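Next come two complexes built around subunit A: one with subunit B, the other with subunit C.
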Partner chain A sequence: MKCVTPLGLYGVLFLAFVYAPILLVVVFSFNANPINMMIWDGFTLDWYRLIFGMEAKAAESASYIDSTAQLYAAVRTSFVVAFATTAISTLFGTALALAVSRFRFRLAGFYRGILLVPMIMPDIVLGIALLIFFVTIGANLSIGTIIVGQCTFLISYVFVTVSARLALLDETLEEASADLGATPLQTFRRITLPAIAPGVLGGALLAFIISMDDLVITYFVAGTGDTTLPIHIWGMLRRGIKPEINAIATLMLLFTLVVAAAGLYFRQKKE
Partner chain B sequence: MLKRRKTLALLALLGAPTAFLLVFFMGPLVIMAIYSWLTPGLYGGVEWELFHLNYGRILGWANTRYDQFDPVYLTIFLRSLRLAALTVLSALVICYPAAFWISRMRPARRNLALFAITLPFFVSLIVRLFAWVLILRPTGFLNQALMGLGLIETPLEIIYTDAAVIIGMTYIFIPFMFLPLYASVEKLDPALIEASGDLGATRLQTFLRVILPATAPGIAAGAVITFIPALGNFIVPSVLGGAKVLMIGNLIEQQFLSARNWPFGAALAMLLMAGVLILLMAQLRLARAAQGEPRR
Partner chain C sequence: MPRLLEIHKASKAFHSPEGGTITALDEVSLSLSSAEFLTLLGPSGCGKTTLLRAISGFEPLDRGQITIDGQEMTDRPAHRRPVNTVFQRYALFPHLTVGRNVSYALEIAGTPKAEIRTRVGEMLDLVGLAGLGQRGISQLSGGQQQRVALARALVARPKLLLLDEPLSALDKNLRRQMQLELKRLQEELQIGFVFVTHDQEEALTMSDRIAVLAQGQIQQLGTPEDLYRHPANRFTAEFLGESNLLPVALHDGAAILADGQRVPASGRGTSTLMIRPEMLGTAPVADGLTFAGTIRERFYSGTSNLLIVETQAFGMLQALLRADAPIAVPGSPVTLYAGRADLHIIPGGAT
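And then the complex of A and B:
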């Protein structure tokens, strides 16, 4: 029985609204027309060739070609920052989640509450607070300040993800392990750690994606020399809409989808 | 002995992250609060002297060092409130039917649909906004489509208007509105709607008396977590609003990067945060009251 209800029709429109803009960018990235993206001028990979520094025919008529060296530097900075922040925030976030859910202490509730604040406060407030702080203590704005700045809120995301996993974990398993003579460290390594590993991995991937995508915090605490990829693209947008931005955006899309799919997969493994 | 070891283990877990957050999270917030009461230096920077008019200036109070009475900043605050509220409203209108649509699916399809809606949330923000620049600009997709259909003759000026900012913010905050809304729609018992109809209520009555009250907690939660990032947003207005649509976020950014009045920017940020905290506490109270939990 196939009948289209008004609600079903609306649902299709809703998904179209969510996905059409993204698909548009992907389609445009293959359009050979260098002047007007709206007019289809045949399929081309020239915009991709252009950002990889190869020769590209369609690009000859384009008025401005952004330096690929800057693009690569931005990509590198993004990865360095994302790996560093993921490592630090995963370590700290997991430690805090373990402390709050496995120990009874007076400040546990306070930690639970205060760790939500970085996620819900307006990011611009955190951004300028960090900028004022770094300038006041005389720190040079650099990759280091980007890493520290991003960690202040990424820790919270890891904390929440790992806490959710810990809440599902049966505490009697750990008690049984202790009763059978395992030391606390053995219990942690053999029971707790394997059980929360998917949560930790999920939290790490989430931190990685958010770090790669962060605009606001990075914008305020990045020095003049170090740009991350999103900030670089933002700058390109300000100078004008160029077809190669479509290609860069499509590649970023592909990358994010792979990481996000992996992350959601690990989260689904919860049950 | 055992207790001591436990305490040591706890301190080992808490120590480094606590120190990190105290220095790099609490520290900056405290310094920002102090800055908001300092005197702006003539050429950027600050003088460490108490200055009480950073906040007054936002409300438009005249003083000897600055302009006469001029509520220009207050106007920007009010515009930000209006744009954020309209964003919440349009996200709500778009997501509400979609939440019903998905809640009536079979479980396997439902999970797939939920996945499909959360996925764009992971796509880079700047990429999603770039897509809307392509759609909304004068030679963009929307104008070309409308002109192709013969509906308009000259391109509409959508980009760099309030409307463009609202569209952009609605689009990027859809998951924020959708997920809490869905959580409360899913709990809604279809039998209640049937019963209401059986007892003679019209569809409108059923909606107003049964469906709306039952999903109110979801609406409130979605509204608050959409409103907060929309209010302080400065990326969307600077990409889609150009120089014409200033929001609080842009005003704060300007104080730091071009006007170089850091104390004033800090005061703006403090006010923004105070507004957000008040909103969150009100929402928490409402949620608790709705759940019937005893208030602490």
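And then the complex of A and C:
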């Protein structure tokens, strides 16, 4: 008993608190019991089969009818949105970070503050504001408005990660490059970009994951046509919690882990 | 034939955050002939770095002109100026190898690959880093990084090299060694050096000429010997080496000391007489100055003895004697002599 310190106990409880629900979802996704998930009824891959539209012997009551095609469409929309917003927000976020750190202009500090606001703004408020804005200018709610809407706050995330990296960059390196004959563009490509690359990559991954995962703001600006994965899942849940959901959640978890691991790996390789 | 570098009345002021202005350069003029080693010497904050940055193009001047090799530089951006710089903290590119750091200027200039390889090899040989081309920057010692910075700045064969306190981060022995190597390189490659330091010994040993700066102005520009023996003002006299400074009154073709001794000198009014400690000896000199006093302290350094002698008329005087000169112990009386040729009256140097 002497090795159980209060702090150690706290640590264990904390881990349980955070990870137990997630672990349960993963376990449930392999539980054959279609009615009560809390009762283990044997191992099955049926729920995964259902997602991929394969034959499964599961009872009809355990699945969302019609889900497969719509699920795929939602996944596709999510990917299109995530890639587009990642590209746009990485480009603009990086450019803004460079501008704010490199050029001395009045109100640079104010500008920096303004750029952080979308990150702390309540999602609901941003969602409503965007909806009203799009309606006012007469834009059709579609995949286009989702992309524009998400970029408004994703740019901030990229801005912050790139800015943090830029703060570490020694400006005399850029002067040394110019001194050796490099034009500003050459200096940017050969010195600045490699130095901030981990920040840019990190910002892009963050934007990608947040975009894939965003529900509230997307929900407001999505309209009725295009549906992203989180919105689709939200819709499914309103028809009751069925075991299939666990399998979808587990796959999303796996995907996020892979993306994050890739990010860490590339980052380590850079060092 | 134009001089390699010509600076004409360069002025630069900064706005301080407190709202005032700081004059970093105040009508600085100087010129450099090719293959000359010029040192900018001065206390911290006197404008040395600012002047160097004005030459390399990173600090636009408020007024004045800079020409290099006869070409007007004033409106030319840094990357188009034919100078290279060794930065104080080296500023080596951390994500590139030693070889790629050195080859940087050549890659930018579009030099063919084969030529880059041979020239980088030659350069690394020259600075004593042969075989280290594949190393990362963080795997080098301070002295080695210093050499990489030097090789990187020299590889494009500039006619003019700027060095901003390149040795200040090195320890004393390494510093001494690098001083000799820098001087050797400069003579071997026949390029002009503008070298910044606030170490007077370094300036004296390495330079062809020294410009002493204070508060953005050139106090004196001349050979090390000139500056040491004939400082133009009190600042230079005190900044370069040790000195005994005695107030004198100029009168009827003579400088009259506080105790009534006289030496021939022109001018009138009050001025300052400078005697370097090594010019004072215990052997009588005909026709010179004599100072009687009491030895207060004695510092032995192996090659010499430094005496602090208290005199009635002038307070403490420093005398640097050879180690084998007969020395009395502290507390005993001593008489010091200075030959007339070793005295220097600082022009306009009123105390």
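As a convention for this text, the second predicted complex is superposed on the first by the 254 of 271 C-alpha atoms of A that agree within 3 Å, B and C clash if a C-alpha of one lies under 4 Å from a C-alpha of the other, contacts with A are read in each partner's own complex, and residues count from 1 in each chain.
Everything that follows uses one rule, which is that contacts are C-beta pairs under 8 Å (C-beta built on N, C-alpha and C of every residue); 3 or more make two chains touch, one makes a residue touch a chain.
No experiment lies behind these values; they were computed from the predicted model shown.
Superposition of the two structures on subunit A leaves subunit B and subunit C fitting side by side, clash-free.
In the superposition on chain A, A:151 contacts subunit B only, with no contact to subunit C.
When the two structures are aligned on the shared chain, A:10 is found in touch with subunit B, with no touch to subunit C. After superposition on chain A, the vertex angle at the CA centre of subunit A, spanning the CA centres of subunit B and subunit C, is 90 degrees to the nearest 10. Once the two complexes are laid over each other on the shared chain, residue contacts for A:256 go to subunit B alone; subunit C is not touched. Of the two partner chains, subunit C is the only one touched by A:194; subunit B is not. Touch criterion met: A:22 reaches subunit B, while subunit C stays clear of it. By the touch criterion stated above, A:247 is placed in contact with neither subunit B nor subunit C. More residues of subunit A lie in touch with B than with the remaining chain of the pair subunit B and subunit C.
By the touch criterion defined above, A:84 lies against neither subunit B nor subunit C after alignment on the C-alpha atoms of chain A.
This overlay, made by fitting chain A, leaves subunit B and subunit C with a least C-alpha separation of 6 Å. On subunit A, the surface touched by subunit B in one complex and the surface touched by subunit C in the other have residues 184 in common.
Interface residues of subunit A facing subunit B in the complex, by the touch rule stated above, are 7-8, 10-11, 14-15, 17-19, 21-22, 24-25, 28, 36-38, 92-93, 95-96, 98-99, 103, 105, 118, 120-126, 128-133, 136, 148-149, 151-152, 155, 184, 209, 212-213, 215-216, 220, 230, 233-234, 237, 241, 245, 249, 252-253, 256-257, 259-260, 263-264.
Those residues of subunit C that touch subunit A in the complex are listed here as 56-58, 77-80, 83-85, 87, 89, 91-95, 104-105, 108-109, 152-153, 156. Every residue of subunit B that touches subunit A in the complex is listed here, in rising order: 5-6, 9-10, 13-14, 16-17, 20-21, 24-25, 27-29, 31-32, 35, 94, 97-98, 100-102, 104, 113, 115-120, 122-128, 130-135, 137, 139-141, 144, 171, 174, 225, 228-229, 231-235, 239, 249, 252-253, 256, 262, 265-266, 269, 272-273, 276, 280. By the touch criterion stated above, subunit A contacts subunit C in their complex at residues 170, 172-173, 175-184, 186-187, 190-191, 194-195.
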